[in-house]
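Think of it as A, B, C, D, E and F in the order they're written, each chain with its own count starting at 1.
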Amino acid sequence: MPVIEIHVLQGYSDDDKSRLCTALTHASRSVIPAMPEAVSVMVHEMAPAAYMRGGQHRTPAPALPDPTQIVQTYLQAMEARDLNTARALLDLAFTMTFPGTAPMTTLEQLIAWAKPRYRFVQKTYEGYDALQSPGAAAIVYCRGTLSGEWPDGTPFNGIRFIDRFELVAGRITRQDVWNDIAETKAETKATS
Amino acid sequence: MPVIEIHVLQGYSDDDKSRLCTALTHASRSVIPAMPEAVSVMVHEMAPAAYMRGGQHRTPAPALPDPTQIVQTYLQAMEARDLNTARALLDLAFTMTFPGTAPMTTLEQLIAWAKPRYRFVQKTYEGYDALQSPGAAAIVYCRGTLSGEWPDGTPFNGIRFIDRFELVAGRITRQDVWNDIAETKAETKATS
Amino acid sequence: MPVIEIHVLQGYSDDDKSRLCTALTHASRSVIPAMPEAVSVMVHEMAPAAYMRGGQHRTPAPALPDPTQIVQTYLQAMEARDLNTARALLDLAFTMTFPGTAPMTTLEQLIAWAKPRYRFVQKTYEGYDALQSPGAAAIVYCRGTLSGEWPDGTPFNGIRFIDRFELVAGRITRQDVWNDIAETKAETKATS
Amino acid sequence: MPVIEIHVLQGYSDDDKSRLCTALTHASRSVIPAMPEAVSVMVHEMAPAAYMRGGQHRTPAPALPDPTQIVQTYLQAMEARDLNTARALLDLAFTMTFPGTAPMTTLEQLIAWAKPRYRFVQKTYEGYDALQSPGAAAIVYCRGTLSGEWPDGTPFNGIRFIDRFELVAGRITRQDVWNDIAETKAETKATS
Amino acid sequence: MPVIEIHVLQGYSDDDKSRLCTALTHASRSVIPAMPEAVSVMVHEMAPAAYMRGGQHRTPAPALPDPTQIVQTYLQAMEARDLNTARALLDLAFTMTFPGTAPMTTLEQLIAWAKPRYRFVQKTYEGYDALQSPGAAAIVYCRGTLSGEWPDGTPFNGIRFIDRFELVAGRITRQDVWNDIAETKAETKATS
Amino acid sequence: MPVIEIHVLQGYSDDDKSRLCTALTHASRSVIPAMPEAVSVMVHEMAPAAYMRGGQHRTPAPALPDPTQIVQTYLQAMEARDLNTARALLDLAFTMTFPGTAPMTTLEQLIAWAKPRYRFVQKTYEGYDALQSPGAAAIVYCRGTLSGEWPDGTPFNGIRFIDRFELVAGRITRQDVWNDIAETKAETKATS
């Protein structure tokens, strides 16, 4: 059944409202086991003059961008080694941790770290999960498999990976990466 | 501002309503950058006789259990090797994938796989993330570090891990695990 | 889509609320071509202290009885010639008109009128239609076929009839009856 | 008291909303004996981007036409023997039953049937009743009296009739007619 | 907490809605001890075609003007002896009572009464209070101190006053004035 | 039209809700010139578990007492010289100003001040006005006429007075009094 109504100030785009409806739909389903078809969401938009809190009219804060889309743009830019585009999406406080690394703060560090590890790598995406944390950060997960070439030119593929991102106000503040590269190498050695 | 109202059938526990309110609060914040303090949620509970859809009164579906709690119970049981408790939380279709394994379907397989890898392992948890997927599954992530002993009795700790769980109707259907064990072993060998 | 909410004073029975939900469901469907399944109705019941109009709290008026049920009770009583039960359902201003009669005001007049016409008659019901008029009256239609015996004992059946009732405050104020008895007799004569 | 709110998708005309408000007003009065003056109806129109069901935005279905108006147009066309206009209002599955007839499916059948019965007939309308059935059909009743000339040119008038119509998606699917013509003829003969 | 929603017909200005929100905010606070910041008000404006009471659509009554503003305009005009402006704000039934006077009905009476009492007087305002009475009248209070010159040219100041106004439909119907002029004079005499 | 809905936490008494409904009714009428009969107020009470703000459930603050009632109790106690009852209604920061006095802070000061002025005084009340200020204070006005005896035993009556009270959290913080006593005395002397 759930029928959800949300009252917001006027000024959000159709896309913002769509994302809002979708987020509320699935939020309600986390407790109430309704099929999506049984969940209705209505967005009531209030003109500034028609809403008052604390004796004051209010202006709407701009919508947060879709964090999954930001992560996707960032990952594509990194794969294409378009560092300017990728860097523009990072927060000043950005850190990233890859298997075996301490937290790094620049993309250049990552590239230097990766160099001896593989010639290039491509990601095949299996799925994304996104949620808003109780704090300021939006969380985005993406997972899938890696393919590419080892430094000696041997190809590899099907290596599982998962990335976890935190974003605040539309900028990436943290990236954590796990994958089976070391496992695969160890197995390769063991069988070679 | 957002003021959220949700109409549900009567019969959910205070804890269910609490989880619902929390989920809706953060769902709205994924688009509208309001501090939690600015988000109000009201749950309107409808007696069965006071709600009709399609010309028929409805009965409320039992609330879904908190998936994070189920995952925590499962992980504790596994760490304590209490397989009966852990098994009771698994769906018939359960599969799990660890670094370097094909999907396994029984806990016994996992234990056999782990045996030559470490004497024991303990998890220190850094955080959980949970969300409802657009499908039937709830998704729970937990991440942190592993400590324990290698087969030769050498202790290890601080090894990053992340687990991803899918749950349907309160049962775990899938577990995917990534960690830096192989990376750590490779480094250890390299430096030994 | 239509999602309908109705705010009423507390005190109506579950059956009253059910009838209310059903009436609102179909009322909305008279304009919006939604399948019943797509129409939701929520009844919000207000405690007397929680509702004020014109600076005054109000008490709920007792629900109107289901007019179709009253008509059914009346028709069964008439068929069983239980005139006391039937009479108790009539308003003081009751009138009834049958084919070829002027408005009659008592059940005894009807019985006198019917006597030379048939020995007895039974109704088979095909359907009821009920609605609230813009005025005080509820309208109930019932239609179907008559069977019975002519004064000479010849049986008849399958003769179409329709009755229209008006009820005010749960009492029948008017009954209008149409049927094909005369048509059937004329045909019988013509073919005899 | 009843205060009724209905949430519909944007796009219905003022006239549609008027009919909707009226239908809901009287529907609530079928259970709660409020004078119309005490019933308030508010229509909340949702932009497509502000409403989601089952994770999808929806488009409003076009309003159903007023079934009483369609019946009126049909009856006028029939009285004026404007068969093309009348026929355009009929559903493919249209059937009609008059006193003493089997179900007929074409207007031509009706005209043939009527020919030996009267030279012409005119209807004086006393009232209409309309409602939405629980199924797909809208039901319209009209009643009043017939006047005209018998085949021999003798005039008649004041003969009671009632018509019942079913309409689906704005087309007439069924017409059932009852009247006192045979009764009147029988009386006329009896007294002549 | 209080979250207040008010449904009104479309057509009120932003300023009207602002005054409405403010009035409702403080009205709720007269019973519920919430800081203004905790009170939210939402105004839902209904198009005429989207609201029906008693089976009829309605047109919005023009908003009442702000009674405090009318009183301020009146007091400024009186201080400037702009009697035409002041008079235009008075209802036909206007009466005013000053210390020691019977009710007066014209501004000229007031001026004649004041003449022997002081050469001129100016008001310094400390505050206004306004409320809607349960009847038709809005009530406005203003208070502060008087300064000016006695008939003999001696200046005075700091004399407390309070005025109470009643306004109906935007016109002043009644003014009652209290002040400490006589008290001050008595003291002056006593000490001279 | 206005239809007002207020959502509050559960726990207010019927009398609290009554006062709330009344306050909202007249607040809306300060802008929209509806007769009280046209204003509906509905109070929706939320169980603590069914309301969340800022991710937290809340408990309702106790209702403020009716300030007019407190003022009435205070005035009766003062007239009866029941200083203990009166004092219990005063805030620590209480001050009062009477014609010609500086602000006094104790009831004893008032009694000393009044002694040479009249033997006793009684109030006849013409009316009360109460409102919530934008700040923490509730404001109550009462007005009417004084009767009593001068120090020499001569009776007086019909002397106009007005009192203005401020109350915070149910305690009187300020009383300001105006009246025509000095005016009356001056007139008496002038005519004697």
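What we mean here is this: a residue touches a chain if its C-beta (ideal position, glycine included) is under 8 Å from a C-beta of that chain, and two chains touch if they have at least 3 such contacts.
If you're wondering where the values come from, they're calculated on a predicted model, not measured in any experiment.
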- prompt: Quick one: which chains contact subunit D and subunit E both?
  reply: A, F
- line: Output for shared partners of subunit A and subunit C reads B, D
Reaching subunit F from subunit A through chains that touch each other, fewest steps: 2
Option reproducing the contacts of D-E, where over half of them reappear, out of C-D, A-C or B-C: B-C
Query: What is the size of the turn, to the nearest 5°, that moves the C-alpha atoms of subunit B onto the matching ones in subunit C?
result: 120
Task: Over half of interface residue numbers shared between subunit C and subunit D means same, under half means different, so which is it?
output: same
- prompt: Just how far, in Å, is the C-alpha centre of subunit F from the one of subunit B?
  reply: 58
- prompt: In whole angstrom, what separates the CA-based centres of subunit E and subunit F?
  reply: 18
Approximate Å spacing (C-alpha centroids) for the pair subunit B, subunit E: 63
- line: Where subunit D touches two or more other chains simultaneously, the residues are 1, 3, 7, 22, 36, 40, 42, 44, 46, 51, 53, 55, 134
- request: All pairs of touching chains, please: list them by chain label.
  value: A-B, A-C, A-D, A-E, B-C, B-E, B-F, C-D, C-F, D-E, D-F, E-F
Statement: Touching subunit F in the complex, subunit B uses residues 14, 17-18, 21-22, 25, 35-45
Task: Please give the residue numbers of subunit C that touch subunit F in the complex, ascending.
output: 7, 44, 46, 49-55, 57
Message: Per the contact definition, I'd like the list of subunit B residues that touch subunit A in the complex.
response: 1-9, 12, 16, 19-20, 22-24, 26-34, 36, 46, 51, 53, 58, 60-64, 67, 97, 99-100, 129-134, 138-139, 141, 143, 160-162, 164, 169, 176, 178-187
Query: If you look only at subunit C, which of its residues touch subunit A in the complex?
result: 1, 3, 40, 42
